[in-house]
Amino acid sequence: MIRVGIIGATGYAGGELVRILANHKDAKIVWYGSRSYIDQRYSQVYQNMFRIVEDVCRDDNLQELAAQADVIFTATPQGFLAGLLTEEILQKVKVVDLSADYRIKDVKVYEKWYGIEHKSPQFIPEAVYGLCEINRGQITEKTRLVANPGCYTTCSILTAYPMVKEGLIDVSTLIVDAKSGTSGAGRGAKLPNLFCEVNENMKAYGVASHRHTPEIEEQLGYAGDCQVTINFTPHLVPMNRGILATEYASLKRKADGSLPTCEEIRAAYEKYYAGEKFVRVLEPGVCPETKWVEGSNYVDVNFVVDERTGRIIMMGALDNLVKGAAGQAVQNMNLMFGLPEDEGLELVPCFP
Amino acid sequence: MIRVGIIGATGYAGGELVRILANHKDAKIVWYGSRSYIDQRYSQVYQNMFRIVEDVCRDDNLQELAAQADVIFTATPQGFLAGLLTEEILQKVKVVDLSADYRIKDVKVYEKWYGIEHKSPQFIPEAVYGLCEINRGQITEKTRLVANPGCYTTCSILTAYPMVKEGLIDVSTLIVDAKSGTSGAGRGAKLPNLFCEVNENMKAYGVASHRHTPEIEEQLGYAGDCQVTINFTPHLVPMNRGILATEYASLKRKADGSLPTCEEIRAAYEKYYAGEKFVRVLEPGVCPETKWVEGSNYVDVNFVVDERTGRIIMMGALDNLVKGAAGQAVQNMNLMFGLPEDEGLELVPCFP
Amino acid sequence: MIRVGIIGATGYAGGELVRILANHKDAKIVWYGSRSYIDQRYSQVYQNMFRIVEDVCRDDNLQELAAQADVIFTATPQGFLAGLLTEEILQKVKVVDLSADYRIKDVKVYEKWYGIEHKSPQFIPEAVYGLCEINRGQITEKTRLVANPGCYTTCSILTAYPMVKEGLIDVSTLIVDAKSGTSGAGRGAKLPNLFCEVNENMKAYGVASHRHTPEIEEQLGYAGDCQVTINFTPHLVPMNRGILATEYASLKRKADGSLPTCEEIRAAYEKYYAGEKFVRVLEPGVCPETKWVEGSNYVDVNFVVDERTGRIIMMGALDNLVKGAAGQAVQNMNLMFGLPEDEGLELVPCFP
Amino acid sequence: MIRVGIIGATGYAGGELVRILANHKDAKIVWYGSRSYIDQRYSQVYQNMFRIVEDVCRDDNLQELAAQADVIFTATPQGFLAGLLTEEILQKVKVVDLSADYRIKDVKVYEKWYGIEHKSPQFIPEAVYGLCEINRGQITEKTRLVANPGCYTTCSILTAYPMVKEGLIDVSTLIVDAKSGTSGAGRGAKLPNLFCEVNENMKAYGVASHRHTPEIEEQLGYAGDCQVTINFTPHLVPMNRGILATEYASLKRKADGSLPTCEEIRAAYEKYYAGEKFVRVLEPGVCPETKWVEGSNYVDVNFVVDERTGRIIMMGALDNLVKGAAGQAVQNMNLMFGLPEDEGLELVPCFP
């Protein structure tokens, strides 16, 4: 039985870890870390867990936790883990970090976009970017530190990955227009996240400046073996869960000037995803809907080719708290402990 | 492995049966009945089931289905099953009926409230009212026909049951004010259920005439061993899932004129529910919220005593598609096949 | 042109005052008071007012404001106005208080339910309870201080008023089950009001203890000329605006044991409301819906008689920010300045 | 007093015309046309209009209506008006068509995108495209037929218009990612528009094939004096009202390779919109939100320049039923009758 510690257990992503691990047969949570609710019963913070979780919340003592757990999930603000992580800790316990601290290889890029100094850049090279479908080979029982991808990032990357990897699109034209449910904004009591401010409303935010941008660019850059610079525009949607990414790029024409056919493009998607349990390439003509993946670890993707403009419109949908956070973190944990990758993740999407 | 047939598999309750049974280790769906979508793949109707369910929808042939299944769930309009059920079918297969056809023992009451003739009243005496927490003793491997309780009904009854059973309230004063998410209205394409008609709106409907009224009255009548006549007022709420029942009744005073204490009332609730997995009596002061049970088979109940008026306010919350329909149906199936009652129902509520 | 000052202009009720007064041809806002946003442009707080309101927010200086305005609206927390109001102010300016400070005649009742000491009880006798449909005669050009009724209160009282006034119901059996949109909770950044906590959720709160209870009891007590003690249960609904009150009471039987007829009851409603512009008694069989009054100053009411239980179910719906706050406040202002009561309130409900 | 007839008065756009015209001091509705509800009282279809509108619904007799009205609004399905319009009618009455029948000058383009034959192409040349901010000069008291722009179209065009007109962007790179509330889908009882299908969900639809595409292309083509071919992707959002368009295009570099500055771009927006009452260019850094224009005739626009990619991200928001339909239709009517353009349109946005 894997002993799990969670730092940040009372945020929405932390809560989702608790929900998923409650039905994981090889893992058991031993530490519900929450600075805000120390000594309160976890089920008083999240009443849905009444009679399911009996534990109380504890503080963020990473040292002590390292001695008691086999793996730590950190669902914490940027900079938190980077400020505390040590070699000593990593020798005792595996870490899956749901923050951005170790996602970006170039520390200068991190510091520029996040506006904070990175306190432990020495661990960046070791950290594996935990997008299992792409980096599965690097996530093994030897892996000590996984940087769990962001929610927007997972959706944006997986939606475009086969096109970039196969060189079918001109990456300089790539635009990602993403829409997110409000749980992505976290559980902080902030005015813009009040019900009456979000409900019956829609807006873009972080235009040309959102922190997930360099993460998408870096990973797609690896895929395409080139420098990638994109437009990424997040939007806030009046729903709890779900991210929908609509992505645009010009298709590369063949030598004869023709566009790749839908079949060729579909073959590229199938090449990378046919064997992937958690990525579903939908049937032709079916647009992904966030509700169809709600509560599950699936990413649904599909595309439309527009002959008129020579562009492909790629679409992807996932649950930001599952495949975009906690589910993917558990998927990484499974790989790090030699378990079946889908252990505890046989979550059937809930509709309606 | 129990072979399951579903009639009405593409309604919301039918879809929820499919979701729940997908993770049931001792049951397997062999027949997805849906008159509206015959020969279409089930996952084209409910895309959330893409790559999870490969079957196509079939018609409603109860005879043929009886030969292939061990149990049939009928999530069908009122009168459907009553018009088709025969002794021959019941000799071959168990039936859990999610409609109202066999819930009410007095066929005249059924015919009056539902406005249709009952075509097979001969099965009414045999049918067990499948509210497991109350009628568990009658739901056994010998049971052939279970009348699965309605969503409003389950919530309304379980919220008041200990008070009625223990004679702590004056049942003639009982009022049930219930609020339901919109999935309770079904998947029919009707104008009042359009997004723009329901969203940002709230209303009562079926005031003093809703069909779940006699069902609540009958069951609470058994509990209190008396005639029960109540006011039941359903309301439509702009959310997908969830029923909240707020119930009012005058407490019976003791010989000395005093009201029962909160501790005495709590003891009554604990007497009936302490051993029940799916009924959670919340801690003092905590009001049930529908979101805390979403996606799960739990009913959360609690109460407040108002010394000023001498009344108790009882509150209950459940997910209308789970404990109010499909989850309870599976709970009944488990009992009918000698399985652990919570098999496949270890559903952790999803928040947010 | 009436010069209007608003204290608390950046709360939801304050914002609604600004919206309504923007189209009022005889009033002009001269002071947008907001402690939180002093010196910020009002339209930066509420971008809907961009290019409509050019003013900046100012502090809460009641003295200075009294010198510049003809009427002050205070949309402020309980106790605020009571702590600042003086005879000197009232000699200079009329005040419409949207808080509860002067609504309850018995200061002990106020202090018990609100848990604060009342700092200026000397003004309570003078304050007129500003429910225009009932107290119109007392709201005149001589009136200096109006206690604007609460949102739940307005809805609850107007829904039952004719029944109580005409002695048609047994008031000791009166139960008010009320449901409110989330704007009623105000614009404070509190966790329970976050989008993800409210959306897809429903709950009761303040059960048997909500502060609007004594206000309803007092006013219905005047109507019935008797002591009224009720159960009042508020619920939070995932919508922005709207209150729906469902009220239950036993009808008084006539000498011959029969219930009052629907026609007799309707006649009672018409007696009080036939001439009222802002109270619409709906046609038989039509249940009020909050969406039908959204953005307007209407209250829609109706009733159903249940012969089985001898009870009447009364229903009322209003927009909590309009008839439940700002609209009613403007209605009071109109009366206090001798204007047509509906001036600036010809707001057509917005659907969908 | 202008006598107004509405065909399609019980759809959402028709209902909004009724709401707006209820407060228009120079217009009076004399004909509420609705095939579905003939002889029913209008206020029984839209209870918000109870006691405001007393008329009954009438059929679609255009001939008879032409004799009784000064202007007809047709809020009808595509092809309806084209099949009935005659020279005789136009000699008697002005027509503002809210359908697409006369929006597109090239009848072949219309027939291709709409898949129906145009029955009266002879009126296309005469019809004025009623986007007042751009075509005001052509909408005069002599105008007989106005093609009222579509909701997506109005938003998409006005958001990009100054950039295209001033030649600041490469129109071949223009991409419009649009998000709409559900009232845009109309009031038809269709399964995909049910509350439970839309709520907590988001999807793209009509990808690369939506009928508003050629309308946007034609109008921006006039602005840029060039052929325009764009990607336009509509999305369905779980809210009643509002359209948000997020638009992407590469900025044209100057001779020295530099991008236009934010000030230069802002100047272009101001050049066209500074004098426009209904177009609000927001302050730098403020992203439009649909809620800020709800219920009003405003379009809010703004932009962000991304130096990294050389693109501009333009954003626009409007209420699809007001500026996207009924409000714009009234704006056109005002111009056609020599009234102030904003008569009856002083609608203050409603928040929250």
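Assorted remarks:
For reference, chains read A, B, C and D in written order, and residue numbers begin at 1 within each chain.
Definition applied: contacts are C-beta pairs under 8 Å (C-beta built on N, C-alpha and C of every residue); 3 or more make two chains touch, one makes a residue touch a chain.
Since the model is a prediction, treat every value here as computed from it, not as a measurement.
Seen from the C-alpha centroid of chain D, the farthest chain centroid is that of B. A comparison of the B-D and A-B interfaces places the larger number of contacting C-beta pairs at A-B. Put simply, the C-alpha centre of chain B and that of chain D have 46 angstrom between them. Put simply, the C-alpha centre of chain A and that of chain B have 37 angstrom between them. Annotation for chain C: residues touching 2 or more other chains are 12, 183, 196-197, 199-200, 238-241, 289, 291, 294, 352.
Remark: chain C residues 12, 182-183, 187, 189-191, 193-200, 238-240 touch chain A in the complex. Those residues of chain B whose C-beta lies close enough to touch chain A in the complex are 12, 15, 19, 22-23, 44, 46-52, 183, 200, 240-241, 280, 282-283, 286, 289, 291-296, 300, 346, 348-352.
Per the touch definition, chain A reaches chain D in the complex via residues 173, 175, 177, 179, 181, 196-197, 199-205, 207-208, 229-231, 233, 235, 237-242, 244, 246, 248, 287-291, 294, 304-306, 308-309, 311, 313, 315, 317, 352.
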